[in-house]
Amino acid sequence: MTTIGIVYHSRTGNTKRMAEEVVRGIEESEYDVTAVLKTAEETDEDELLDWEGIIVGSPTYYGLPSAPVKDLFDRSVTHHGELEGKVGGAFTSAANRGGGNETTIVALVEMMLIHGMIVQGTSKKDHYGPVALGKPDERALEGSRELGKRVAKLCNNLYG
Amino acid sequence: MTTIGIVYHSRTGNTKRMAEEVVRGIEESEYDVTAVLKTAEETDEDELLDWEGIIVGSPTYYGLPSAPVKDLFDRSVTHHGELEGKVGGAFTSAANRGGGNETTIVALVEMMLIHGMIVQGTSKKDHYGPVALGKPDERALEGSRELGKRVAKLCNNLYG
Amino acid sequence: MTTIGIVYHSRTGNTKRMAEEVVRGIEESEYDVTAVLKTAEETDEDELLDWEGIIVGSPTYYGLPSAPVKDLFDRSVTHHGELEGKVGGAFTSAANRGGGNETTIVALVEMMLIHGMIVQGTSKKDHYGPVALGKPDERALEGSRELGKRVAKLCNNLYG
Amino acid sequence: MTTIGIVYHSRTGNTKRMAEEVVRGIEESEYDVTAVLKTAEETDEDELLDWEGIIVGSPTYYGLPSAPVKDLFDRSVTHHGELEGKVGGAFTSAANRGGGNETTIVALVEMMLIHGMIVQGTSKKDHYGPVALGKPDERALEGSRELGKRVAKLCNNLYG
């Protein structure tokens, strides 16, 4: 059974809303993949080992992932090397265009690459991963579903 | 006399439009600073030495400055060390939000830091530097003028 | 037949040396993958379509890929969307530790993600991609071979 | 009186060692600038207002600042806009070359730019800010002292 963990931190509910839509994209995909939705704070670093895919969502705080999301990655060092070859993906919710949303997603991707994970971009719209500005609009929700599908497809191709 | 060079590359005219507005911001500022507007292609690397401030604008091509802008920085290696302490600033015009505009500006800033230059962000709106999505709207034009003023003020404080 | 193009720009020969070692890593791998070695300048953007994997090497010039490498990506816009799902990898040769080598590789990765490509990091040593400081030492050459193997394996898993 | 706060997080003592050397660089400089050394955990966000310069050091954890350092910036949102025009600087201690040290420093710089702060690179050696690989060697310690001097000089020119 292929499983994707969707881990997020959300204070206002915007990132949570995107996370739910990533789950929907996975569940609506044609692939036999299970989605597990958790907050970064409640995610134990050991759980990362159970998932073939890990999608992380964070609010954009000063152009980077928030401290609770960073803390999960800091804790993940216990399993350094064991996430090699897993599939990753990232999304963010920001207050403002040009306000650090891209650098937040690139930062999440960098952490995944350091774990030896596999990340795919998209040639359409939000290339690094979906970005919401304020309350997620239909564009951001659609991008979130597409991220879920993209990671599900890649997990299926590599692990299905 | 304090001088700021505004160097840009533009194919569609969008980045050029922003560059003109950066010039306007400098000229409307209260500081005794002269603006020189040039394309990246026509800028000789020796000219960089003549300016106290260097503001660079590029279209967003694959999340980075375009090759003609990159080529100017590559050529600038002749004067490596001689731009130390100059004031920098960056702006970009992109097709799409989430499409690489922030990473383009951060890339421009990185090149300036490697030259030992001084760069200031802004706590308002486009933090790293102004971004236009498609044809520059009033928000992007205002951000461009503010960039001009910000660099003019810093040049004046350091060199005036 | 699965093919990986290794495209590089090299002035001093250091990046070329790494490129040759990436080829060796591919050829020594257990996978049925062909390597094609070309300079960025001689690579036509149409050729990118022929390869399942694209590995790009650049010298570190001001913390970013050199203008000839950037120019290839700028030209690749003709095929935007058509590189979706291809496997990417990146390497660089720099003068100096802390001198922009990581940001050069991350910049290459960003361009690949914007094309919708798939990139894997490594949990060992040079996480984003191999880095040589000056003339490539054994560490950099080994990292280059490992990059070749890593991309060959991923190409084989997805396309073999 | 011009004051620079040096804020760091350190578990192994390597980043702390660099922080102490940054302080030494400030105190040995010719400028009338006071250095205040604190850990990120003990720094109240209100204190950031008291300093004309803010230099932040972090270990490299997954290519980014550690969670305690990120948490300080997250808390600093209370004073968003009030750090505008302050002078910043960054340093890091990493396990490995190519292991995320540059991206850690660039991430720190990005947060400072979002606050509207002023950051200067250097054309010599570690361009974005000093990097130690493991226990700081003389190169890293000298780079730390130079960072202190550079920020002290810029604070003096702008605020002295």
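So that you can tell them apart, the chains are marked A, B, C and D in the order they are listed, and the count of residues begins at 1 in each.
One rule holds for everything that comes next: a contact is a pair of C-beta atoms (placed from the backbone, for glycine too) under 8 Å apart; a residue touches a chain by one contact, two chains touch by 3 or more.
In this text, all values refer to a predicted model and were calculated from it rather than measured experimentally.
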More C-beta contacts across C-D or across A-C?
A-C
Relative to subunit C, largest Cα-centroid distance belongs to chain D
Quick check: how many Å separate the C-alpha centres of subunit B and subunit C?
30
Distance between the centres, which are taken as Cα means, of subunit D and subunit C, whole angstrom:
33
Whole-Å gap separating subunit A and subunit C, where each centre is the average of the chain's CA atoms
25
Listed in rising order, subunit C residues that touch 2 or more other chains are 63, 99-100, 103, 106, 110, 113-115, 127-128
Give every residue of subunit C touching subunit A within the complex, in rising order.
80-81, 83-85, 106, 109-110, 112-124, 127-128, 154, 157-158
Complex interface listing, subunit C residues touching subunit B:
61-68, 70-71, 73-74, 76-77, 99-100, 103, 107, 110-111, 113-115
In the complex, go through subunit B and note every residue touching subunit A.
63, 96-103, 106, 125-128, 130-131, 133
